[in-house]
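Take this structure, written in structure tokens, and hold onto it; I'll ask about it next.
Note that the chains take the letters A, B, C and D in the order they are written out, and that residue 1 is the start of every chain.
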Amino acid sequence: MSEPVHTHYRVIYGDTDQMQVVYYANYLRFAELGRNEYIRAKGLPYKEIEQRFRIHLPVVEANLRYLHSARYDDLLRIETSIKEVRRASLTFQYRVCRAADDRVLVEGHTAHACITFEGRPTRLPEEVVSRLD
Amino acid sequence: MSEPVHTHYRVIYGDTDQMQVVYYANYLRFAELGRNEYIRAKGLPYKEIEQRFRIHLPVVEANLRYLHSARYDDLLRIETSIKEVRRASLTFQYRVCRAADDRVLVEGHTAHACITFEGRPTRLPEEVVSRLD
Amino acid sequence: MSEPVHTHYRVIYGDTDQMQVVYYANYLRFAELGRNEYIRAKGLPYKEIEQRFRIHLPVVEANLRYLHSARYDDLLRIETSIKEVRRASLTFQYRVCRAADDRVLVEGHTAHACITFEGRPTRLPEEVVSRLD
Amino acid sequence: MSEPVHTHYRVIYGDTDQMQVVYYANYLRFAELGRNEYIRAKGLPYKEIEQRFRIHLPVVEANLRYLHSARYDDLLRIETSIKEVRRASLTFQYRVCRAADDRVLVEGHTAHACITFEGRPTRLPEEVVSRLD
């Protein structure tokens, strides 16, 4: 497992639901946010991966465990790392923590395939592998 | 103003915020829903407009007045009509009502430009004008 | 596993992302939609469960497998069933299919705890168990 | 008009739609983000306004003009200021700019009523007025 990259995000009204906590689907947005910043921190923003290598890395599986609730105005720390890199797929691991007390609120992972712009599975470019891992 | 087309939508948890009412941005989603169904009811789904005429109708202005709150599980009736059609733009009008008591919750409009796939302003196709108006 | 309840939903622009497919987080909204309609079909809307029994059923785990993409204007059929009911938790199972060709696009489940309004774990009310299962 | 407060936000996939630009409803999320940070910069986070004065400031009108498109990975600068403060309402003004070239993408305003927790209109607390304006 790679060293995690930390991203911060403060919860807005629009993230919450009437139970006064963050709506469960929004953690997949936070996961994307963490993933984007992980990749950027490795010097290869996802936009550049798409354009230079003409590939996409769509999510093929997502799994989240909800341990505690995030609330309006909480500052969240999204800890993102790479769990596994294979020939044509990779898996990101996430922990969403409340910055104020370091409590882990949600943890999970997303698995991604590597596909061409035409939608065919393809090998992960070597430069992507060596940078991200 | 054209005869309104009615679309129904039931509020989910994911539409609400911690004030226990529908989050204000989501009414622009409901406006899109009403707009899609208005166009479909005229026999020309928006997807077909894009593909046949190779145009988009992006929103250039949106205005909403929030009169009363929608809540979780409310069945909403979105009343959509065309307010104005011009050479290269058109304006939709919306009323979002609670079906249970017909109360108007939100009203507003969105103005749309007509642009080519390359992003240049262009005339609204005659067939689109004659169908929608 | 219970008999699935079917709910239909048509994809709007607001559900898609720039890869021209439905954004992965939105399937958790569709899961909520299916869950709400499953419970309503059993004669006990979720809103009533909350109010009568003074409990919430928050999601504690979500898992989705993305097999094929949904696109703008696709009519989706969300097939929802109960996979398991335990003393103080229950699990819903989902299949999101494209209605036009019955292709399964996404499948997954969400596990829910049963908690009081004060946030303490509690037993599922017998009436809820007997209705839902 | 007060001095604007600047907030930065980087566009994620989840903000875009299939026209490869930010979906129009999401600018109301960005407006909330700017509003939250404006209020926080004045030393009185919105959460504290709610709790100390037992009031809400719900949106009663929103108006946005879409001039240019924001795209995936664009860094946005949300410039937020107070346009007007009245006895029982206030209006925020926004400009969403692309940080890379300072181009104004979207501008608009939101008007807010001041209501008690029971939902009755009430005067804006003097401390809120003097801090925000």
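As a convention for this text, a contact is a pair of C-beta atoms (placed from the backbone, for glycine too) under 8 Å apart; a residue touches a chain by one contact, two chains touch by 3 or more.
If you're wondering where the values come from, they're calculated on a predicted model, not measured in any experiment.
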{"item": "Greatest separation from subunit B - chain, by CA centre", "value": "A"}
{"item": "Chain pair with more C-beta contacts, A-C versus C-D", "value": "A-C"}
{"item": "Centre-of-Cα separation between subunit C and subunit A, whole angstrom", "value": "23"}
{"item": "Rounded Å distance, subunit B centre to subunit C centre (Cα mean)", "value": "27"}
{"item": "Where subunit C and subunit D are represented by their mean Cα positions, the distance between them in whole Å", "value": "33"}
{"item": "Multi-chain contact residues (two or more partners), subunit C", "value": "13-14, 19, 21, 25, 28-29, 32, 72"}
{"item": "Subunit A to subunit D touching residues, read off their complex", "value": "10, 12-14, 28-29, 32-33, 36, 45-47, 72-73"}
{"item": "Touch list for subunit D against partner subunit B, complex", "value": "19, 21, 24-26, 28-29, 32, 56, 58-66, 69, 110"}
{"item": "For the subunit A and subunit B complex, residues of the former touching the latter", "value": "13-14, 16-21, 23, 25, 71-72"}
